[in-house]
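Note that the chains take the letters A, B, C, D, E and F in the order they are written out, and that residue 1 is the start of every chain.
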Amino acid sequence: MPRHDGRAANELRSLKLTRGYASAAAGSVLVEWGQTTVLCTASLSNETPPWLAGKGRGWVTAEYNMLPGSTSPRKARKPDGRSTEIQRLIGRSLRAGVDLAALGERTLTVDCDVLRADGGTRTASITGGWVALRDAIATIRNEDGQLLFPEGDVVGPGKPLIGSVAAVSVGLVRDEAALDLDYPEDSTAQVDMNVVATGTGDLIEVQGGGEGTTFSRAQLNAMLDLAIEGIAQITDLQNGAA
Amino acid sequence: MPRHDGRAANELRSLKLTRGYASAAAGSVLVEWGQTTVLCTASLSNETPPWLAGKGRGWVTAEYNMLPGSTSPRKARKPDGRSTEIQRLIGRSLRAGVDLAALGERTLTVDCDVLRADGGTRTASITGGWVALRDAIATIRNEDGQLLFPEGDVVGPGKPLIGSVAAVSVGLVRDEAALDLDYPEDSTAQVDMNVVATGTGDLIEVQGGGEGTTFSRAQLNAMLDLAIEGIAQITDLQNGAA
Amino acid sequence: MPRHDGRAANELRSLKLTRGYASAAAGSVLVEWGQTTVLCTASLSNETPPWLAGKGRGWVTAEYNMLPGSTSPRKARKPDGRSTEIQRLIGRSLRAGVDLAALGERTLTVDCDVLRADGGTRTASITGGWVALRDAIATIRNEDGQLLFPEGDVVGPGKPLIGSVAAVSVGLVRDEAALDLDYPEDSTAQVDMNVVATGTGDLIEVQGGGEGTTFSRAQLNAMLDLAIEGIAQITDLQNGAA
Amino acid sequence: MPRHDGRAANELRSLKLTRGYASAAAGSVLVEWGQTTVLCTASLSNETPPWLAGKGRGWVTAEYNMLPGSTSPRKARKPDGRSTEIQRLIGRSLRAGVDLAALGERTLTVDCDVLRADGGTRTASITGGWVALRDAIATIRNEDGQLLFPEGDVVGPGKPLIGSVAAVSVGLVRDEAALDLDYPEDSTAQVDMNVVATGTGDLIEVQGGGEGTTFSRAQLNAMLDLAIEGIAQITDLQNGAA
Amino acid sequence: MPRHDGRAANELRSLKLTRGYASAAAGSVLVEWGQTTVLCTASLSNETPPWLAGKGRGWVTAEYNMLPGSTSPRKARKPDGRSTEIQRLIGRSLRAGVDLAALGERTLTVDCDVLRADGGTRTASITGGWVALRDAIATIRNEDGQLLFPEGDVVGPGKPLIGSVAAVSVGLVRDEAALDLDYPEDSTAQVDMNVVATGTGDLIEVQGGGEGTTFSRAQLNAMLDLAIEGIAQITDLQNGAA
Amino acid sequence: MPRHDGRAANELRSLKLTRGYASAAAGSVLVEWGQTTVLCTASLSNETPPWLAGKGRGWVTAEYNMLPGSTSPRKARKPDGRSTEIQRLIGRSLRAGVDLAALGERTLTVDCDVLRADGGTRTASITGGWVALRDAIATIRNEDGQLLFPEGDVVGPGKPLIGSVAAVSVGLVRDEAALDLDYPEDSTAQVDMNVVATGTGDLIEVQGGGEGTTFSRAQLNAMLDLAIEGIAQITDLQNGAA
């Protein structure tokens, strides 16, 4: 199956994560994934939502937004069901990697703003958002001004992060499973699926649906195989991001 | 694994579909599924959304809403990300069973209003919504006032409905897969998954996620097995609904 | 004057009140009044609106909503001046039957959702809403978990309910006064009037207006006579509701 | 019954109508009624609402608004159920005096903005709004620029106005009926009622309700007697307004 | 340069300030400036915005609104970028004349509602708003009910008002600078500029822009000369307002 | 006067304009101005706003938005008076450089999204927005697909662009005029002023105001001198942008 850009079925597009791009936020990552660009920032607040007040736990939430000029024709700035659905997925996925009790009574808000959209914006948001989250947690200080979780000591038992979280899309294109669809593939795919998993390959979320078609268990399995393989590579890039 | 209400792992709650409950709408079904009650109505309009104008195709869209008194404490009437996410799933799922070209330039709006919520409201909405849709299509008349797709002749090649669509929830409760979670199970499940499929067992949409935990491929497969089995029974109930 | 459905001028449509229909709410009543169906739920909260804080009194408020499929063509879900006007009438009418000091610092919210609309939805809402309110009050418990106002001991001096509240519509159809208009009558009536009164026949609210016509004092009196007579019968049904 | 300002039970507050106050609008009237001041403007448009397009009839609609500084404490500028209810009453009342077919395919929007609020703002709006409407109709020109309904020739058979429309409040204060309540009376009245009628004494709308109390048929009749008497005087002021 | 209404280039339109027009508000001024009429009210509250809580300082804010009938065609009641921009200018300008610490923890809200619009509504709002503000401050009482800043003792060191604030428009009409544009001039001016200054001639805000044209430093200076001269006259009127 | 970052009073921060950053939009420029980063995109549509329909002219409009993570604490995504005011300034400023008749019936929407905010975001938006606009115009094609205004032939008589537009801030810091304030200077400046001008030094818009202080004509002139000098340098950078 030749893909329109020459990639193999199990081949990711180029992926680059630039940390610290938006220096006002506690954590920030510019994700350049093929022609898709997403700016993920993680802002830290010492307050929690009202319904968590006094429970000794923190919260992680996400917002997703496409900038008007990220696509053509221009996307109007207005509330949008698709964005709502996507930001709920991002938030759930990131929370799966966080120990909210170890985080303490703090809120981390991960904003994912799409600068250029060429497919895979939600998986780029989760992948980059996790790195921004990790960097934001490394800036938390106690009342004496000392870092509570210095960089490199953020993940693990008793730490705010349980493990890494990454995501990738897979799909069924001309009856064959393919990894990491770009926009031309995505818009013609028979099935579009997003898989979120940990760095150790455990599943966090699976979302897939036919676009006017149905799919079989065997096709589902072929797509999941590709996704798990891709997420392993993405995890390496997250860990090595400059 | 004894379930709190005595059901077997692969056992559905009682499910009753009452057609024609809200007689002003072209199609309407009251879904009573365990303690969950959803009123699904399908309204027919001879207009299409602006972006489909003149393309010779129709549209199916859905809205989902929980009545304030359907749950305790009372749910305020206000826009809500969860409802947005659910109604997008309902709309996509129902469209997967519709031949929009055979429908012609018409819009069917399926409203799913939850009267009592005890888990599984989104799968009840899809399951009942499909029956309401089928009944609404049977009321379409041509310019001479004759029925275009008389009841019993709505599904099949060249007809507006490709096949039936049904949905069920599955989950991982105390490490075991279980079918059709009610609210007490759903709120303590490790994984919650919704599966939408055709009456012939082809997959339309799979959505599952861990609630603060992760899951394995084997667990995913066990849940899918239960779901496919349950949907076959639900399809029979859809076909036999009075 | 033969009415289109054969009723006498002073004859109500059939009216059935089913209590406990939506079991999550503290009180709930399904009102089936001719072809009109309204679900009334009363939800109880131990908070009051901010402007009542610390005043030792409670509050009763109402919301009214027509489900999209309750009428044809479909009614869009959006704020609507008519609904605002109606829910204010429902709230004022129900409060007229409540001793807010005896209720204590609690809020009762009565939601009236119209499942099928065939005229008289606002009077059905008041009539059913009062029964839901009565049942909700019977669930109030003190800090020790004991019922403060057990069922059957809710109405009277020092109790939260002063007396019963019911409502009915009357109108002028082809120059004659008629009781309890259905939609075909309502949409052609010269005058449309809603009367709210207590079970002892005292007036709570009178609202009537010509639809492009005017009316005389004599006609107003004829309509009021019918309304008072009808409300007496409705009160009996409220008291005997299963 | 001595009233707090020395008026007799059947005595109106001073009422002054100043025409042409806001010269940009087709019709405008400043209503100074006791300490209540309302600016009514009637704007004319050659379009109708979409649902009336091509039906050869016009429309009259009203908007009601209290300026923030019209009352103390300041009233925030935001949508408000009370205003919605009042503007619907104003619109219905004014339409009762208009022959929409004779008006032709035009819309008249009557804006009632309260500059000072001291009770009776809705009846001031209807009373002044009708005069503004009359003046706006006198500015309608045909395609050749000639006046279609010159001032003084606006009311009567085949003309846009059927007759005059005026309104007044009445109430039950310390068990006695009183005409034209100001704010101190209104806020302590047992019953508050608004009556809209034509200049010939026919009823257009009657709206009355107890404020935590009920009322009898005899009390209703006493209030209606006062209202009819007051409206006759108000009609004279409308006809003579400078 | 003959102006269309015969004024000299440096001549103001007639300007009348009527204090106490809306008696419920702490301060109120009706501004009649040529054919432009603006009602300015200043409401006093003993609360501050949340972000100022406990800082020992007060706040002054402004809202600007055109009534629908103030212009033709009618202006719809809806949020509007122009109004937002204008009310921010009014608020900033008035705050420049206030010592917020001397004001204490209070909020003054200045509402500027345009009854008739004929150019210069924002400068009328600032000019009248300052007088309303001054009158509202003169009503502030301490806990014993005594006036803190009696009328005539409101301005000066340690008092809430630093000095007076007034505004006027200038523009470039047919290549010549002109003072106080009315609507016909404003809508054809090459440049439109608003100048806010103190009674002693110090600049508070300068806002000017070409309408499809540009302007030179020399033209800017000519306009500023006229504005400063006009503001001196307006200041005298503010001080002498009845 | 030593500035906190060592610049001279008339010295700009480093300014870099990167064209083509967001390739889906017709024109796009990443503006990096000191620590401020703004992404400007210009989207092209062949429709005009309804009020321009059929008039043979085009329109240019702008939207301004700060991303939540562009500042600390995080800025919530919600409508905001400051943004409204700024985007109106951007739109007016850019239109001053456009011949709307030569543009034809097209709309150019310039979106300015702030990725990092360190002062001067509105002047960066105007400066970068003009370059994005210029690039977008160079992509306009006629019905045969040929470029109407090829790159390099966009500005001049009969072309859509009259000339270049650029902007810079100036202010009064510790009583001295300074060019191009960053956030630390801006937040402590006595006066903050934005100047928009053409590449030939003609003024388009001047907006300046004291922050709790006033300023003199001489100070105004000193600031304008610096601004004009700075805009000349910025114009050179616009013309040479890669």
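List of remarks:
Note that in this section contacts are C-beta pairs under 8 Å (C-beta built on N, C-alpha and C of every residue); 3 or more make two chains touch, one makes a residue touch a chain.
None of these values were measured; they are calculated from a predicted model.
Path length between subunit A and subunit E in the chain contact graph, taken as the least number of steps between touching chains: 2. In terms of their C-alpha centroids, the spacing between subunit B and subunit D amounts to 51 Å.
With centres taken as mean Cα positions, subunit B sits 29 Å from subunit A. Across the assembly, subunit A contributes no residue that touches 2 or more other chains. Traversing the ring of chains that begins at subunit A and proceeds first to subunit F, the chains occur in the order A, F, E, D, C, B. Considering their complex, residues 21-26, 28, 35, 37, 39, 41-43, 45, 63, 65, 67-74, 77, 109, 111, 113, 115-117 of subunit B touch subunit C. Residues 81-82, 84-85, 87-88, 92-93, 95-96, 196-198, 202-210, 212-217, 220, 224 of subunit C touch subunit D in their complex.
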